[in-house]
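Below, chain A partners chain B and then partners chain C, in two separate complexes.
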Partner chain A sequence: MIDLIASSAALMNASATGVEALSEMMLPQLAHDIMAYVAYGLYVLLILGGGLWAVLARNLVRAMFGLVVTFMGVAAMYLLMASPFMAFMQLLIYIGAISVLIFFAIMLIKNTSSGEEVNFPGPLQALTALISAAAPLVLFGPIIVMNAGKLAQTETPVETPLAELGQGLIEYYVVPFEMISVVLLVAMAGGVLLAWDKRFKK
Partner chain B sequence: MSALTLYMLAALLLLAIGLVGLISRRTLVGMLISVEMLLNGAGLSVVAAAKLTPASDAIGQLATIFIMGLAAAEATLVLAMMVVVYRRFDTVTTSALTTLKDAKL
Partner chain C sequence: METILVPYTTDITLLSVLKLVVALVAIILLLIANSVVMVYLERKVAGFVQRRPGPYEVGPWGILQTVADTVKLLGKQILIPGNSDRFLFLLAPVLSMFPMFLMFLVIPYGPILTGLEVNLGLLLILAFAGMEGLAVIAGGWASNNKYSLIGAARAVSQSVAYEIPLILAILALAFQHGSLDLSVLNRAQEGWIWNWNIFTQPLAFLIFVITCFGETNRAPFDLPEGESELTGGYHTEYSGMGFALFFMAEYTSMMLVSFLAAVLFLGGSNAPVDIPLINGVWWTLIKMGAFMTFMIWVRWTFPRVRFDQLLNINWKWLLPLGLLNLWVTALVMKVVGN
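For the complex of A and B:
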C-alpha cells in the first residue's frame, strides 16, 4: 500500500512539473500496482472459499471440487509471482494427477453421500480443530507481519528462464532429482503391491 | 505490507485451513484432501521466499517441484492404503481402525 501511495505522489509531482514523458511512464506502473492488489485479493478469496468448501462440505466429491478451486487459486498466485512454469506444474500435478487420485479414492470407497462425513463433527472435535488452526495463525502471523517486511526484497519479480531451472535440476539438485525418481518408482510399486487382489494370484 | 508478507499470509491461511480439515474430518479421504492443502501452502511459501528475496529463484522453484513430486507419491500410497483398509474394515472412518484396542467385534 505504501509504495502505491508513493507512486501516486510521484505521479502528481511529475504532472505538476509538466514532465509529460515521466507521467506517461508512471501511469502504467500505478495501474500495474492496482491490478496486482486486485488480483491478489481475488486469488485470496479463491483460496479461502475453495479451502473452506473443501473442509466443510459434507459430500466428499464437493470437497474435492473445493480443493480444485484452491489449487487454481494457488496456481494463479504463482502466475502473479511471475513464475508461469510453477503455475503450469501446479495445474498439471495437483489438478491433473492428485485430484484424479482423490477422486479414485472417493469412488473406490463407497461413502460419497451416505458415509460418515455426512454429519458435522462433534463439539469437542470442532473445538480442537479451531484451536489447531488458531495456533499457527497466532504464532506465525505476527512473526510474518513484523519480520517479512524487513528482508531485502525485489518488489517486481522477473520471470526465471526455463533453462536456468533445468540447469539447477542437473547441477545443484542432481541427487534429489535422482532420488525422487526412486521414490516415485517405489511408491508406484508399493501401491500396486498393497492393493493387489489375492484372487489373481492363482 | 510488502508483497512477501502478503504471500506468506496466504500460505499461512492454507496451513490453517488444512489443519482444520485434518482434525475435523472423520475419514481418511477427507484427511488426504486436507494434507494436500497443507503441502500446497508449503510450496507457495517456498516459491514466495525464493522469488521475492535476493535468494536464487531457480533453487526455490525446484524445491517446490520436489514437494509436488513427493505429494504425488504420498497420494498414491495413501490411495493404496485406503483400499487395503477398506477391504479389511469395510470403512475408512478413522475411529473404526482400532485393532489394538479391546474392540467389540
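For the complex of A and C:
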C-alpha cells in the first residue's frame, strides 16, 4: 500500500515535471514566422476575395456577404498586428451593426437581380469609380512611402494597452476623434434631408 | 487599473495548443449535452406550468424523448426550397452555431478554469454575438419565403436594438471594475455576498435580464419565430439537421447569456454559503442552471409582446435607463475612486 502511494507520488512528480517541460517547449522562431506569413496570406486572400465577391455579385444580399468576408479579413489582420481591441471592435461594429444596417437598406428598396447593377457601368461611371478607388492611394501613399523605413519591422508586434489607447483617443488625438463624429453627424443630417425632400414632394 | 495593463502571452507553447484542443472538445460536448437536456427540461417545465405531464412515453418520465427527437431529425431529408440561394441557405445554420464555440472559450468556469485567457473576453463575446444576427439574415433571406424574410427582418431589428442597452449595462460593470477580462470580473466579486454585482449594480442587472430575452429571441420577445403570425419565422424552410442546428444555436445562446449572468452579476464561482464539496466550477454551473430555468419559466408565463411594444420598451426605457446607470456609475467611481 505504501509502495503504491509512493509510486503514485513519484508518478505525479514526473507528470508535473512533464507538464513544465511541455510548457517550456516553445515552437522555434522559424515556425512562428511561417505561421505569421501563412496567416497574412490567408487574410489578404479573405480581404481581396471578399471584395471581389462584393463587386461581382449579381445580387445585393450576396454582395453584402462578400463585404462581410472582407470585414472579417480586416479584423483578422488587426489580430495579427497584435491589436485585439481593434479586431473585436471591427467585428462588433462592422459585422454586428453595419452589415445588418446594409441588409435593412437592401430590404427597404426593390431588390431584384435584374436591376441596373447587373449591367456593365458606362465609361463615366467607370472613371468615377477609378478616381474614388485611387483617392486613398493618393492620400495615404506618400505617408507610407515617407515612413517606409520606420514601418518595416520584423519582430513580433507588441500589444498597446487598452488604457493607453483610450488616453490617446481623448488626449492627443482628440481633434481627429471628434472630427469623425462630425462626419457621422453630417451623414445623418444628409439622410434626414433626403427623407425631408421626399415628404414635401408628396 | 493595473489589470488592464497585463499583456498577453503571444508565445505559442505546445501546452497552450493542447489546452485549447482539450477546451474545444469539452465545449462541444457541453453544448450538445446542454441542448439535449434543455429540450427535455423545456418541454417538461412547459407541461408543469400548463398543468399537464409533458413528455412521458419514451423512457422513464420521458427522459429519452430528446434522444428520439434527435434520431428523427438526423434521419430527415434536407429540403432546399426552389429558387433559393443554395449556398447561403446551407451556410446559415453552420454560421449560427460556429461562433458559439469561440465564445465559450473565454468564459471563466472557475476561478482559474477558462479555455483561453484573453484580457478582452467580454468584448470578444459581444463581437461574436453579432454574427448570430448575420446567420439569421442569411437563412431568412436565402429561404426565398416571405415568412422567413419577415422573421429575419424582425430578428435583426430586434437584436441590433437590444444590443445597445446590453452593452451599456455591461459597460457600467467594466467602469466599476476597470476591466473587460471576465476572470477579473469574476474575482472582483469575492468575499461577501453583497460584493456581487447584482447588489452593486441592480439597475444594470435588470437591463441585462430584459435584453437577454431580446438577444436570444426568447419569449416574451420571440417575434422572429412567432408561430401564429409567421408559421415558424426565419427557419420555416429548414428541415433535418439545418433546423436542428438553428435550434441548438438558440439553446446555446441561452446558455451563453446564463453563464454571462452568473459570472457578471451573480458572483460567478464565488460561493454564497460554504457547502463542502461544492465550490468554484459547481457554483458557476448551479447559477447558470438557475438562470436558464428562470428563462424557461418566463417563456411559459408571459405572452408574446407586439412588435411596436418590443421596440418601445427598448428605445424609450432600456436605453435611457442604461445611459443613466452608466452616468451614475461613472460619477460614483470618480467620487469614490479618487
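The rule we apply is simple: the second predicted complex is superposed on the first by the 109 of 202 C-alpha atoms of A that agree within 3 Å, B and C clash if a C-alpha of one lies under 4 Å from a C-alpha of the other, contacts with A are read in each partner's own complex, and residues count from 1 in each chain.
Just so it is clear, a contact is a pair of C-beta atoms (placed from the backbone, for glycine too) under 8 Å apart; a residue touches a chain by one contact, two chains touch by 3 or more.
Treat the numbers as computed from the prediction; the structure is a model and nothing was measured.
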Which superposed partner A:Ala82 touches (first chain B, second chain C, both, neither): both
Partner chain in contact with A:Ile95 - chain B first, chain C second, else both or neither: second
Chain B versus chain C as contact partner of A:Ile47, first or second or both or neither: first
First, second, both or neither for A:Phe104, with chain B first and chain C second: both
Residue contacts on chain A - larger count, chain B or chain C: B
Partner chain in contact with A:Pro142 - chain B first, chain C second, else both or neither: neither
Touched partner set for A:Leu184, first chain B, second chain C, both or neither: first
First, second, both or neither for A:Phe65, with chain B first and chain C second: second
Intersection of the chain A residues that touch chain B with those that touch chain C: 82, 85, 89, 97, 101, 104
In the complex, chain A residues that touch chain B: 1, 40, 43-44, 47-48, 51-52, 54-55, 60, 63-64, 67, 70-71, 74, 77-78, 81-83, 85-86, 89-90, 93-94, 97-98, 101-102, 104-106, 108-109, 111, 115-117, 121, 125-126, 128-130, 132-134, 136-137, 140-141, 144-145, 148-149, 151-155, 157, 160, 164-165, 167-169, 172-173, 176, 180, 183-184, 186-188, 190-195
Chain C contact footprint on chain A (complex, rising order): 19, 22-27, 32, 35, 59, 61-62, 65, 68, 82, 84-85, 87-89, 91-92, 95-97, 99-101, 103-104, 107, 156, 158-159, 161-163
Chain C - residues contacting chain A, complex: 1, 4-5, 7-8, 10-16, 18, 85, 88, 118-120, 123-124, 126-131, 133-134, 137-138, 141, 149, 153, 156-157, 159-160, 163, 180
Contact footprint of chain A on chain B as seen in their complex: 1-10, 12-27, 29-30, 32-34, 36-37, 40, 43-44, 47-48, 51-54, 56-59, 61-62, 64-66, 68-84, 86, 91-93
